[in-house]
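In the part that follows, the structures are each spelled out as structure tokens.
You will see chain A twice below: alongside chain B first, and alongside chain C after that.
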Partner chain A sequence: MTTNESKIDKGNVCDLNYLSELMGGKKHLIEEIMDVFLKQVPEELQSINDAIEKINYAAIKGVAHTMKSSVSIMGISVLTPILQEMEDLGSNGTSIEKIKELNRKLILLCNQAIEEIKIEKSKFI
Partner chain B sequence: MKKTQPYLIFLVEDNKTYLKTLKNYLNAHLKFNVSIKTFLNGEDCIKSLNLFPEIIILDYFLNEKTKDSKNGIEILKTIKNNNPEISVIILSVQDNMKVATDTMKYGAFDYVSKNENAFIRIQNAINNIYKYGLWLH
Partner chain C sequence: MFSKIFEKEEPRVKTIFIVEDNEVYAKSLEGFLTTRFPDIHSIKIFPFGEACLMELYQNPTVIIMDHLLNSQNSEAATGLSIIKKIKTASPDSNIILLSNQNEFDVISKTISKYGCTYLQKDEQSFNKVEQLVKKFFA
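And then the complex of A and B:
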């Protein structure tokens, strides 16, 4: 184990340093935001899945656009280009197969992020 | 003379994580007595204008998920028609000159791009409004 157990390990998708800086390191404030994020992401993944099933490009664009703000707060920079591409394809109304491929990556990375955040949150107790 | 009751700030943003982060950030960093009320859409914000907020932080893209919702510009116009003295700060994901120009044209106090400096810029804008007494009606 490293000298600082609360630090995000190399290779993780989340970097919570930005959030921690914003909140001045106040754990209760960070925890409140984590709780909102942990609830919001599964809902948004469901919305994108539904939109893909219905081939609703406008909805795909909308949810991808909204997700960019929250993933940036959680320092999940690997998701930004994926969401941007989904938003662009949704805006163009094309390439549902490419969107499905991006969505598979999105789901995997979001699930990893959720697990990482749950672990970080458990250290606050 | 500064007013004694809390300075009322509305935050209007459809991303719950961003909304909570902004609320917590402002509560932690603003050095004067504030009361912050949050809304997930512009329509609910409009319904609460009778509370006389001094400042409204308003997301530009409020209708990305719910197409029936009005976007930030439409909400800005309604706010300004209702009470032109409310200071409105517009937030947007993109640094878009056209959006920035439009928001200023319709009376926004400032336009802030949602980048890594967004929170400090919002804080500074609120401090300027407070410092120069622009909240006085």
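And then the complex of A and C:
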């Protein structure tokens, strides 16, 4: 495990208070958003991986841009600067190695977020 | 060609169209508006603008539109180009462009020309949408 990974594993990456506030505390709405997030994020990660493999900067930029909106809803603020940098690098069409490094962090944090959300969701049942 | 598409139904009921390709964001906005406006007739979500154009005959009270809509369909038109089509055919449409654009200057001329409101996606944007929707519903 790298230093980054060990840092990432400490503490929660999601703060679901914002989502709860937006939904007026209504559990069925919060659960619905969680379900969409749990479906959508693995697809987005796959899209970014595919784009990196093909060195398709426009696609990297596009997916990173889209992901910023959903991670902000789920209160995953630690991902915002990572996605912003990926979007900027995608826009510039440079630094694929840096993008790959950022993508490794993105995957780790998203996987952690997914686990946290699954745990929170299980509390609703 | 667009005459039928833009044909309006009367009377106008409280209807919102959300044009947004990020499903998490779209569903969150839908849930938020549902809790804030319990008397709303319907909220429809479109993942790209072309689908919204086909249902404009429903005469939505307000259309909330993202700008970049090509994450699911690479050929999808931008929000701005859809806004131009809507406003040309139906100048009175209430449109909020809710987006996360670094190149705001590029789009500001267009949104002012077509009388739309631009809101930056941030932590306050849903509350700002609520205030605008209240105004459009009044």
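Throughout what follows, the second predicted complex is superposed on the first by the 115 of 125 C-alpha atoms of A that agree within 3 Å, B and C clash if a C-alpha of one lies under 4 Å from a C-alpha of the other, contacts with A are read in each partner's own complex, and residues count from 1 in each chain.
Following the convention adopted for this analysis, a residue touches a chain if its C-beta (ideal position, glycine included) is under 8 Å from a C-beta of that chain, and two chains touch if they have at least 3 such contacts.
Small disclaimer: the values here were computed from a predicted structure and weren't measured.
*Asks:* After the overlay on chain A, what do you see for chain B versus chain C, clash or fit?
*Replies:* Result for chain B and chain C: clash.
*Asks:* State whether A:108 touches chain B only (first), chain C only (second), both chains, or neither.
*Replies:* A:108 sits against neither chain B nor chain C.
*Asks:* Once the shared chain is lined up, is A:119 touching chain B (first), chain C (second), both, or neither of them?
*Replies:* neither
*Asks:* Thinking of the overlay built on chain A, is A:55 touched by chain B (first), by chain C (second), by both, or by neither?
*Replies:* neither
*Asks:* What is the contact status of A:40 with respect to chain B (first) and chain C (second): first, second, both, or neither?
*Replies:* Touch partners of A:40: chain B and chain C.
*Asks:* Which parts of chain A are in contact with chain B and also with chain C?
*Replies:* Looking at chain A, the two contact sets intersect at 18-19, 22-24, 26, 29, 32-33, 36-37, 40, 47, 62-63, 65-66, 68-70, 72-74.
*Asks:* So in the complex, the part of chain B that touches chain A is made up of which residues?
*Replies:* Listed in rising order, the residues of chain B that touch chain A are 14-18, 20-21, 24-25, 28-29, 61, 64-65, 67, 93, 114, 116, 119.
*Asks:* In their complex, what parts of chain A are in touch with chain C?
*Replies:* Against chain C, chain A makes touches at 18-19, 22-24, 26, 29, 32-33, 36-37, 40, 47, 62-63, 65-66, 68-70, 72-74.
*Asks:* Please give the residue numbers of chain A that touch chain B in the complex, ascending.
*Replies:* The touching residues are 18-19, 22-24, 26, 29, 32-33, 36-37, 39-40, 47, 58-59, 61-63, 65-70, 72-74.
*Asks:* Quick one: in the complex, what on chain C touches chain A?
*Replies:* 21-25, 27-28, 31-32, 34-36, 68, 70-71, 100, 121-123, 126
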